[in-house]
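Before I ask anything, here is the structure I am working with.
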Amino acid sequence: MAFRAPIKVCFSDIDNAGIVYYPRFMHYFHLAMEEFFASELGTEFATVLHEHAVSLPTVHLEADFRRRLKYGDRIDMEVRVIDIGRTSITWGYRGYRAGDGEDMVVEGNNVTVCVTTDTFEKINVPQWLRQALTAYMKTFDKS
Amino acid sequence: MAFRAPIKVCFSDIDNAGIVYYPRFMHYFHLAMEEFFASELGTEFATVLHEHAVSLPTVHLEADFRRRLKYGDRIDMEVRVIDIGRTSITWGYRGYRAGDGEDMVVEGNNVTVCVTTDTFEKINVPQWLRQALTAYMKTFDKS
Amino acid sequence: MAFRAPIKVCFSDIDNAGIVYYPRFMHYFHLAMEEFFASELGTEFATVLHEHAVSLPTVHLEADFRRRLKYGDRIDMEVRVIDIGRTSITWGYRGYRAGDGEDMVVEGNNVTVCVTTDTFEKINVPQWLRQALTAYMKTFDKS
Amino acid sequence: MAFRAPIKVCFSDIDNAGIVYYPRFMHYFHLAMEEFFASELGTEFATVLHEHAVSLPTVHLEADFRRRLKYGDRIDMEVRVIDIGRTSITWGYRGYRAGDGEDMVVEGNNVTVCVTTDTFEKINVPQWLRQALTAYMKTFDKS
């Protein structure tokens, strides 16, 4: 089954329309990816940055917002690996509101490229990461 | 010519990779739209929300990030109106780094729907807004 | 013992100096207070706002920042109730870095006043809240 | 006269109580300080960080919030230099709502220490900065 990060909408995520400010959903995507590294790959994202010296800037993003979220809502943000290219990774995200019987509130994907943290030079997806992501893909493909 | 909002990358827009955190680009899109209302339509976005009682939640988003931004960079965020549907508006954004001779750093578009601020019921694009946006579209189509 | 909310420094909390942007500590104070309501008072802060129709804007703040935090650090943010006035509550916060043997990274307090959510008129601390906070004060006074 | 940075409350600065989230005021303090460096000292804060290799983390903060701010409000954030120690600078901030005939909405001060950006070792306030800040203090002392 795909990894899900529990996220709680906090007081300051809300905008003047009374709902979650839409760029916060991209923040939720990122938070979920950070948790995914720690939980599923066994490597903190901070370690990837500071010790592996690899950074994963986003070059493309798409998202559909299906339901609005309010303060106090909780979502489970699912993280999927959709594709692994030579230098890029395509991630998929689906947010489900807790207690809604699987009601999807947001769905999106982004493409990140691997670069060195110091010079931002594009590099191949590191072997350890490729293997770990490939193994993860197999896991949730069966679900 | 299309409206451009000048935006300065601030200290806290930067993430631990040393570049602008990508969800901040969506915030820049929103800031530019807010400025667009005040500057091109003559109506503050706060007035749209609180007096016209209309809110414009985003239901779809796409973006391509072409160049990374660092602290101190300045961009001009162009706002275009791509399409006006019955209840929806499609907006286009292009961010150009100042002093780069038109180097585009980000390009994206989002679809917003018109809803009432109190009940979030979908409504037709208000007539005053449709007219103003249509007039604006004609302006930059000639450019 | 005083309530402690576990908080994880996320990727975007970091500023261009490579450490937690100092206004984020105030956000951590607020997050911890939100968790305090749910965990210790049995009432979600969202319920206080939307059902009790009470808001708690901050009118005064003081903080000392003793250690810098980096991405991946975890802190336990302790919440204390220092004083309950007629319309105001004084809160105390102490953040301890996990795994540091009680190394305090931040200490602060703020004063909030009770107001109605609609008109922002100052009101007395509601009786249910005063009782719950008083009971809580007794608990950690013994610790 | 003391420097004032114009700041516009944006859509996402608002919290679920409908007013500016109080940690955003600290962000406004920081924004105003960033503008102060560029405008009054002739050095971008990014240059201080990246070329002078000096960072100014905050070690103490105090603030009083006198009026709430809503979306669309504009404030002028005044920046004063209160004291220059051996390694520290004490800054004063006062925010005035535009069009209010000098109504103060927030007042605060913070103490920053000078450190190297790479090792965060405490250093003396650099001579160029001490001179520039001292000259600035004389200017507004006369106002």
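Should a chain be cited, it is by its letter among A, B, C and D, assigned in written order, with residues numbered from 1 in that chain.
Convention: a contact is a pair of C-beta atoms (placed from the backbone, for glycine too) under 8 Å apart; a residue touches a chain by one contact, two chains touch by 3 or more.
All figures in this text were calculated on a predicted structure; none of them were measured in a lab.
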Of the pairs A-D and C-D, which shows more C-beta pairs in contact? C-D
Same or different interface residues for chain B and chain D, judged by whether over half of the residue numbers are used by both? same
Fit chain B to chain C on CA atoms, both being copies of the same sequence, and give the resulting rotation angle in degrees, nearest 5. 180
Centroid of chain A to centroid of chain D, CA atoms only: how many Å? 34
Quick check: how many Å separate the C-alpha centres of chain B and chain D? 28
How big is the gap, in whole Å, between where the Cα atoms of chain C centre and where those of chain D centre? 24
Counting only residues that touch at least two other chains, what does the list for chain C look like? 11-12, 16-18, 21, 23, 27, 30, 46, 49, 71
Viewed as a graph of touching chains, is the assembly arranged as a line, ring, star, complete set, or other? complete
In the complex of these two chains, what residues of chain C are touching chain B? 11-12, 14-18, 21, 23, 71
Hey, which residues of chain B end up touching chain A in the complex? 16-19, 21-24, 26-27, 30, 46, 49, 55, 57-66, 68, 108, 110, 117, 120
In their shared complex, chain D is touched by residues of chain B numbered 10-12, 27, 30-31, 34, 44-47, 49-50, 70-72
